[in-house]
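In the two complexes below, subunit A is the common chain; its partner is subunit B in one and subunit C in the other.
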Partner chain A sequence: MRLDPTGAQVVTLSGELDSSNADSLKERVASIPPRPAAPLIFDLTGLRFMDSAGIAVLIGAAAKASSMSLRNPSPIIRRVLEATGLSNVLSIES
Partner chain B sequence: MSSRAVTAGGTGSGYDLAGEPAAAEGPVEGVASPARPSGSLWRWRPSRVTVAALLTGLIVTGALSLTSAAVYNRNERRLLNLRVRELSLVLASTAPSTQTPLASAAELANATGGDAQKFRAFMAPYVGPGRQFTSVSLWPLGTAHLAPSTVLGKTPALASMPERAERFFRHSTRPGALNLTGFLESPHPALGFDFSAPGRARGFAVYAEKPLPANRRSKLEKNSAFSDLNYALYLGHSKRTGDVLVTSLKHLPIKGRQASDVVPFGAGVFTVVVSPNGSLGGSFFEHLPWIIALVGLLVSLAAALMTDRLARRRRYAEQLVGVLDRVAAENRDMYTEQRSIAQTLQHALLPDTLPEFAGLRVGARYVPAASGIDVGGDWYDIVAASDGQVLVMIGDVSGHGLRAATTMASLRHAALAYAAQDPSPSSVLAQLSDFVNSGPHDYFATMLCALIDVGAHRLTVASAGHLPPLVIDDDGGRFVRFDANVPIGVARKSPYLETAVSVRPNTTLIAFTDGLVERRGEVLDVGLARLRETATNVELPLEDLLIELAHGLASEGHHDDTAIVGIRWQS
Partner chain C sequence: MRQARRFRCRAESVAGARHFVKDLLSEEPREIVEAAELMTSELATNCVRHAHSDFELAIHRSREEIRVEVSDHGQGQPVMRSPTPREQSGRGLRIVQELAEDWGITPSPNGKLVWFALPARTQTGEPLRTHAGERKSRSTASREQAPEQSHQPKQSHEADPGSHGAASSYVDLLEGHGKRGPFVAHSRIATLWRSRWSLKAYGTALY
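Our next item is the complex of A and B:
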């Protein structure tokens, strides 16, 4: 997980996001200062797996950020987002 | 007021005597830690290994030291033997310098018929103080009484011993060779040399005398080639102190390591005995056995101490392992205990028995997550809702543990309350959603509500982020198609929509949570297809079907808990 400011605030997730590391991600996200002008982007290119704990973190981040989007989720992740109806409320960019 | 229990390796780790857990302390605290190795020398009882190491070291040191000493001694003996032979050779090589002048003088005497003048002239350089001989005399051998006809230098001792002279010249001497005789008992000890030419009836004998040092002491020069030796030169083969000619020692006989050799000297012999003056092979090797002994002793002690320390450490480590084993066993017990508590809790939170409904068979199964003791957040309810209708609710709160379980409990009860007022799925979900969203929360829950009209063979479903139920009839199985809205707890922009489905007689409805179909590394659809495969085309009573589906999970080692609800129209 890296914080890579490039205009927008990009958080890159890779590997697996589950209950074992969701809490630490939540803390990292909470420590990001909210900037109204800069959107928050989660780069999910390298993320292979995400369970409900991970989804909860993303939902929480979306609630607090002024604008948030998920970048390039894998087919597996994308399907999960569709099944839970979140693909309608979270912006997903490829 | 739990006091810290200190038990010597006892049972109550972390628990005080009243059986309550010791406040916020790790389990190890309650067990007395094993005694640290003490450094005090008084209580130092060496272990077997230490003694063995020390003995081994001492034995090896002793062996090496003795070997070194033995080698040194052998070397010294060998060297001494070599040296004595060298000395003997050197001494023997001086014979000609004594023999030649006498032999020449004898020839001269025989040739000149004993001419005194010529004799004196010839022998003059050899006689006198500081010269080779103190006395040289010419003895004609043909006469009846033996007496010197010419004397140069001092009067020979032999001249005043007629019997001895008789014996010497007539019987003891060999012509053509240098003969020796000694005057060792007299107050002026001397050595006598004789030479007479062979043949011609032994014409003249030339006899010379050489004094021996007064006390027979004669030290070798410091830088002489033989300065590393003490020597004693004896006349003849004897080694008796009385027969010593010269020696460098104060006290005779020579004690200790010695070697001797016979020195041929003309027709006679000397015996030279030597002993080393110091160490022939070098003083380092003389001291080496002691050095080895000392170093070996120190090393042995050091090794023994180190071994002892290591043995102690090992004993301590073993004790520690014992403690750790005990702690691990206790942890295992606590874990098992917690797990059963969790399962009891789970059991308490879910409906014990399902109510019966006319025209329907219902069943449900809950499978906890394979690993861990955590309770999960899955739940289900099947309740009657106005006559002829049955409401099925199934949900999955995010996360694990007691928090998820208690959240689930409150959601479940809230849902039941809302359902009692208005069982329509969209209403239940909307109210639940508003209820949760109205306050702070850090979870979300997926939920499916399905209102079943038994007689009309209809079901109405609404989903808050939950997977669709499986409808199975004679034509096969298919998932209900709908667009799921967001889960409970997520900000909602639109109402929950209901989807109505008509079903055939004897249809089976399977509602489930994602634990049944989700696998790591797999797209969701694969799991859904697998479920459909397993559930359709089987003729099983509902209970058995649910058991079958649950079994399929258990063998996978699933990480999420799962709830499965089954509804079957009886007609």
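Our next item is the complex of A and C:
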């Protein structure tokens, strides 16, 4: 996790995210120091794969953040977010 | 052609299953491979997390269709839910419904088989020809059917119930015995499905 120049908290994910490591990510996200005014950004540029277990972690993080967005999700993830009605909860950075 | 592999009931088997699919479909378009990987991951996760069962992953490929089957020995049937946007779980089968050309659940005497189908890339890009006589009625439960209506006792899968406890093994079998007719779809229907799937899943706005 790092702070970008705008003050947003950026969590960079890479590799593959599924049920085998989602709990670990959930713990890591929970350990991020709370910064109520700082937007939370998940940078998914390097994330090759994510299934619904990863989406669950992101939804949980969004519920606790003042604002949260996803950066560069893959096309298949965009499609899933839109198809499952999650694009409002997990907004995609424009 | 049918290619199959058995996986242990372990968390890492979920990644193993989707990598198996990805490798076998390596020459297919990216969007097909990604959709197959994602749906496989969801079904494999259900086996490990909910059925608590070893599972077999089988991929059937014809000129028209890619069909992926995941069979386990767990009790109970998966149920497609409609979670609210803020609920964290319950989207596995919903994702399958959204991405698959077709899918279904087939109960078996000692478990169940969940399958999904995607359009295969044709070799020539030309419209597919009809294969008279290959069309058979879809006998497994489809997504239009309620789970309680899906019982088809004769539709057991081919996984060997006696070997599910064995170490993961690789089985590569040629099909050709006609037993798996239901996924040899009529070419016209397959073409329609393909068109619908392409529009539904991968609009130009996404690529």
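By our rule, the second predicted complex is superposed on the first by the 87 of 94 C-alpha atoms of A that agree within 3 Å, B and C clash if a C-alpha of one lies under 4 Å from a C-alpha of the other, contacts with A are read in each partner's own complex, and residues count from 1 in each chain.
Following the convention adopted for this analysis, a residue touches a chain if its C-beta (ideal position, glycine included) is under 8 Å from a C-beta of that chain, and two chains touch if they have at least 3 such contacts.
These numbers come from a predicted model, not from an experiment.
Visitor: In the superposition on subunit A, see if there is space for subunit B and subunit C together, and answer fit or clash.
Guide: They clash: once the shared chain is superposed, the two partners overlap in space.
Visitor: So, A:Thr84: does it touch subunit B (first), subunit C (second), both, or neither?
Guide: both
Visitor: Is A:Ala56 in contact with subunit B, with subunit C, with both, or with neither (first, second, both, neither)?
Guide: both
Visitor: Regarding the shared-chain residue A:Ser20, is it in contact with subunit B (first), subunit C (second), both, or neither?
Guide: In the superposed model, A:Ser20 contacts subunit C only, not subunit B.
Visitor: Between subunit B (first) and subunit C (second), which, if any, makes contact with A:Glu93: first, second, both or neither?
Guide: neither
Visitor: Can you tell which stretch of subunit B bumps into subunit C once we superpose, 21-29, 237-245, 453-461 or 525-533?
Guide: It is 525-533.
Visitor: Once the complexes are superposed, what residues of subunit A are shared between the subunit B interface and the subunit C interface?
Guide: Touching subunit B in the first complex and subunit C in the second, residues 16, 19, 49, 51-53, 55-56, 59-60, 63, 75-76, 79-80, 83-86, 88-89 of subunit A appear in both lists.
Visitor: Taking the complex as given, what residues does subunit A use to touch subunit C?
Guide: Touching subunit C from subunit A are residues 16, 18-20, 49, 51-53, 55-57, 59-60, 63, 74-76, 78-80, 83-86, 88-89.
Visitor: So in the complex, the part of subunit C that touches subunit A is made up of which residues?
Guide: Spelled out, the residues of subunit C in touch with subunit A are 11-12, 14-15, 18, 31, 34-35, 37-38, 41-42, 45, 48-49, 85-89, 91-92, 94-95, 98-99, 201-202, 206-207.
Visitor: Okay, in this complex, where on subunit A does subunit B touch?
Guide: 16, 19, 48-49, 51-53, 55-56, 59-60, 63, 75-76, 79-80, 83-86, 88-89
Visitor: Which part of subunit B faces subunit A closely enough to touch in the complex?
Guide: Per the stated touch rule, the residues are 396, 398-400, 442-444, 446, 463-467, 483-487, 489-491, 493, 514, 518, 520-525, 560.
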